[in-house]
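Presented below are the structures under discussion, each in the form of structure tokens.
Paired with chain B in one complex and with chain C in the other, chain A is shared by the two complexes that follow.
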Partner chain A sequence: MLKGLMNLFKKDMIIALRNSLFWVLIVTLILMIGMVRFLIPDEIQLTDNRLIFDNSQDKALEKALLYGGLSEENILQSEEEVIEGVRENSQSIGIIYEGSLESPRFTVVHHGKINPQQKKLIDASLKGLMSALTGTNTEEAYQLEFIRPQAPPISKKLTTIPTLLVFEVLILGFMYIALFMFQEKEEGSIRAYRISPGNTSQYILSKTLVFTVVGLVYGFSLVLLTVGTDFNFLYLALTIVLGSALYTFLGGIVGVFFNNISEWFAIGVSLLVINMIPIISSLYPAFSPKFVTYIPSYSILLIFNEILFPTGKQLFSTTLAIVALTIVAYIACHLLVENKLMKEGR
Partner chain B sequence: MKRIISIITQDLSTALRDNILVYMLIAPLLLSFGASMLIPSVEDTSIRFAVENSLQKELVMDLREYGEVEEYDSIDEVRNRVEKNDAIVGVVEGEGKLTLLFEGNEPQEVIDTYKAVLSNIMSNKSNVDVQHKSLDQRGSILKEFITIAMIMTTLMISGVISGFNIVAERESKAINAIAVSPLTTRGYIMARGILSNIIAIILAIGSSIILVSFNIDYSNLLIILILSSFLTTLLGLIVGAFAQNQLTAIAVIKLLTPLYVAIPMLSFLIPDRLSFLLYWLPNYWQFQALSNIYFSFPQEVTFLNASILTFITSGIYLLLFSKYLGKKLNLR
Partner chain C sequence: MINVKGLYHDYSGKGKYAVSDISFHIKKGEILGFLGPSGAGKSTVQNIMIGLLKLQKGEVSYDGRSVSRLDNSFYNNIGVSFEHPNLYTRLTGYENLKYFAGLFKVPTRDPMELLDQVGLIDSANKKAGAYSKGMKQRLVFARALINNPNILFLDEPTSGLDPTTANKIKAMIKKRQEDGCTILLTTHNMFAADELCDRVAFINDGKIVACDSPRNLKLQYGEKSVLVELQEGKEISKKIFFLDNEKDRKSFNEVVNSKNIQTIHSQEATLEQIFIRLTGRELA
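Right, the complex of A and B next:
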């Protein structure tokens, strides 16, 4: 059984590497490392996007903000300048301050529609600013408690690494297992395989092993050359193995229903796009409706984040859920390959 | 012309027979529909609180004005909720003092936001008057950004599927028969380009209608789609020229996708002074032209200039590439 599996693994690995996979991964790796190290800034928000016009007598807000580090470029001299500035830049928000510290009036100039809750949040931050200016902070009225010690801030560009691990490294198996199937169908290898001593498990596992090995080398190269060595190697290796296996099985489940890349492509790409929805949750953590949490990449992203930038969060149950999903995916993939792909090869 | 039409008819009948056309049309449009359902909920995302039932009703009402509130029977339940994977902050009362309960992995700006909310509720300050002035009623930048990404993705799908036909012809050696026919390289490229561009235009307009309805200038969209036809064709030809089989085809696409879709999108993140690094990419100009259509604020390059630059740069690449393709496939 093991010998047969290893022979198949060798054959699949040679096919994968012979067909430019090796060079594509090298070029993509260089592109990703170059992008993370040189192109993406440390802080995505390069400039303060507030445009301020302090129309009060004492210019208290303007002085306080300049003292706090706001650039003079962000201080404008009229309401018209603020409106023009916001109009020209989608990221800007205009704040016009009038009145006095005792009776302040703000006009917030922005693009698009803002819902009432978001408006209240803006109001709260402005009121907080005025409280700080007048020294009437109410922070002593409540306290903060952290379940675990506060995690140190992470460089914004490094936060892209878990995303790249999931959406570049792990998905290799999803795409390539389908292509292996198409190629083998076309060449008649499936028919030959049916009359060989090999079974369906070996067929699936040899391909899974290929993308697990490739995923480990690819994933570790990416992490070591960007994040460094300060992470749990074993946990990362296990997650890559688990994730690669899961996506390979899912790729097999989808792949059996198609005959060639042209048929598969639009659906395959669409599924990969759906798989990417959890990126929104990483950008806006409050956005996590139930259906997004059911997408496997959501949990795997959390696990990678915790491995590379530990906060002490226990993700045992999340990991266990991925293990369970991988087992279910394998069973489904096995049944479909056995009953559909192998039968087509008759 | 007869041979060009014959190749187009052949591609169309293969696409219809294998349901490729159905998948090509349905998948991106369904994706756009899904995105149009999803975007409003992303835009309306607000902060969330997990509170104890015993908390003063007035305070809970105040919190609801700022975000979603989930109520729990005990402090332990609130703690368990906060520890779950999504972002939520607890508000509990212990020893007569309100406590904001964080998990520990929240960025400082999130902590500051929750602090501002609680401070504001507790201070009862009413002397700060805040008015809001919106300059336009269009959706957020997210919707526009996703629409542009969807349009570029549909153009890529249409282009590369045409490239798969070339790969299939290379695999089945049918290309050798085409090579000895009177069809020229230019004719072959036209045959491959016409169908993929018609499908690309239908898909892109369909996706746009689903995502932003009729709130943009569709004549401008049609102009940039037509001026992008060299680029869409080029995508297919690159796949067809560099891939001998389906495995290498996906390898080529893996390199092409970030270059085509992701890099222009990243121009949003990179500093302005570095954007010249992307000027050589026709898809950068295509992205600029689409940005002019979808974003309500003025762009650095006008729609007309960006469209012309898309046409010229992709035309140069297509011209150079057609020579390479002709040699590679032994076409006339």
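Right, the complex of A and C next:
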């Protein structure tokens, strides 16, 4: 079994290395590393888009905001200037303060409609601002409690690495197994394989092994050249192996239904887009509806994040779920390849 | 050795049979030629026999064992040369053979030796995708022999080859037969069939219309006539004598005794002529 598998692995690896798309991958990897190391900044500076007009006698709000670091450019001298400023920049919000500290009155100038939640947030932040000015703001109003030791802050550019691992490295298997199948169908070499003693398991596993090896080389190159060496090597290797295998099996499940890349394209790309939805959850953790958590990339992204930037989260059950999913995907892939590819016409 | 009985196959599932009631047997060490035009059903029968197509109705058995009960190890004993070369185009000729050799669980032949025999040794390290049609055909043929099969299925093995190379391939087929290999040769090349096959089966519209040795078929369906060229003075004349006709036979004897004969040829029918006579259509 092992000898046969290695024979197929060798053949598939040679074919992979002779595929021009494979060399595109190498270039992509170099670009990724270059982008992370040199193009993405450590911290992203956000522009303060608040336009303030303090129409009070003592200008307390203006002074407090300037003291807090607000640029003088954001302080305007009339209501008209605020309205004009908001009109010119749709991303800005205007705040006109009138009255006194005891009896403040705010007018908010904004574009379009704002929903009740946003309204409440603005209200709360203005109240918080006034409380700070009048000295009535107390830290005791709420308490922060950390359930795990605080993790050190992560450089913004490095937060892209787990995302690249999932959406560049792991999906290789998903696309390439389909491309290999289409090539073999077109050449007819799959018919030659069918009348040999080689079996379906070897056929699937050899390709999986190729994409796993490629995934490991690609993944480790990316991580070592960007994040460094301060992570759990074994856990990263295990996750790349599991993820590559899972996506190769999923790619096989989809690929058997099509004959060429044109037929596959719409469905294949749609699935890849769905698979990318967890990026939104990664960028905005508050967005994690139940259906997103069912997408395998969501869990794998969590695991990669924890491996590279540990926070003390226990992800054993998540890893176990990925193992179980990989086994189920393999069984489904085997059944479909056996019945649709190896017994085509039977 | 190989028994095929009452074989039917319907691709559409609507009762339109591509092959119907096909029955024949092949003895061990025999070469059976499957002769018929394109679309006659030759490849369908071969594909059912090698398990590429499902056995829908009828029986195919190898030494009494039904094809539907054979497992993957069966493929250790057979070699198949497809009509349309199906190779890994990104692998070299050598790599193609080396890879296929690795799939078998029986002793295999040296890929280089096989490449040499089919005249591809100089192109061994060239990608198969860059081979010409004839070179691909030879590589597929070499691949069919890599596992020293007991049974060979050859689909148009000499198609697209120049006469010298075709003769080389035919010699290799004959050698395999001498080594005890049983061969099903599917072709529409009557000359290759006549030269190589112990028996030929004519297949037309999915049915076998005749099955016998080429000699018997010629005797059965050909006219027993003799063409003689005679020297009559300064002129050369041709005469045909039908030996079944007593008057012709007498005249033929007289001509032979006259010693004026320049050339003499038996006028046996070719397999193609017999096929046309039986089916009303040409082989090509």
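The rule is short, and it goes like this: the second predicted complex is superposed on the first by the 323 of 346 C-alpha atoms of A that agree within 3 Å, B and C clash if a C-alpha of one lies under 4 Å from a C-alpha of the other, contacts with A are read in each partner's own complex, and residues count from 1 in each chain.
Convention: contacts are C-beta pairs under 8 Å (C-beta built on N, C-alpha and C of every residue); 3 or more make two chains touch, one makes a residue touch a chain.
Predicted, not measured: the structure shown is a model, and the values here were computed from it.
In the three-chain model built by superposing on chain A, chain B and chain C fit together without any clash. In the overlay built on the shared chain, the residue A:Y294 is in contact with neither chain B nor chain C.
After overlaying the two complexes on the shared chain, residue contacts for A:S196 are found with chain C alone; chain B is out of touch. By the document's definition of touching, of the two partners only chain C reaches A:N7; chain B does not. Applying the stated contact rule after C-alpha superposition, one finds that A:F182 touches chain B and leaves chain C untouched.
With both structures placed on the common chain, the touch criterion links A:Y284 to chain B but leaves chain C unconnected. By the touch criterion stated above, A:F257 is placed in contact with neither chain B nor chain C.
In the superposed model, A:N19 makes contact with both chain B and chain C.
Vectors from the Cα centre of chain A to those of chain B and chain C enclose 80° in the overlay, to the nearest 10.
Once the two complexes are laid over each other on the shared chain, residue contacts for A:F233 go to neither chain B nor chain C. Superposed on chain A, the gap between chain B and chain C at their nearest CA atoms measures out to 10 angstrom in whole units. Counting contacts as defined above, chain A residues 15, 19 meet chain B in one complex and chain C in the other. Within the complex formed with chain A, the residues of chain B that make contact are 15, 18-20, 23-24, 26-28, 30-31, 34, 38, 41-48, 65-67, 79, 82-83, 85-88, 97-108, 110-111, 113, 115-120, 122-123, 125, 127-141, 153, 157, 160-161, 164-165, 167-168, 171, 245-252, 254-255, 258, 266, 269-271, 274, 295-298.
Here chain A touches chain C in the complex through residues 3-4, 7-8, 10-11, 14-15, 18-19, 184, 187-189, 191-199, 343, 345-346, going by the rule given at the top. Against chain B, in their complex, chain A makes its touches with residues 15-16, 19-21, 23-24, 27-28, 31, 35, 39-41, 44, 46, 83, 86-91, 94, 99, 102-128, 130-131, 136-139, 141-151, 153, 175-176, 179-180, 182-183, 186, 259-263, 265-267, 269-270, 273-274, 277, 280-281, 284-289, 293, 298-299, 302, 311-313, 318.
On chain C, the positions that touch chain A within their shared complex are 47, 50-54, 72-73, 75-76, 78, 80, 82, 84-91, 95, 99-100, 102-105, 143.
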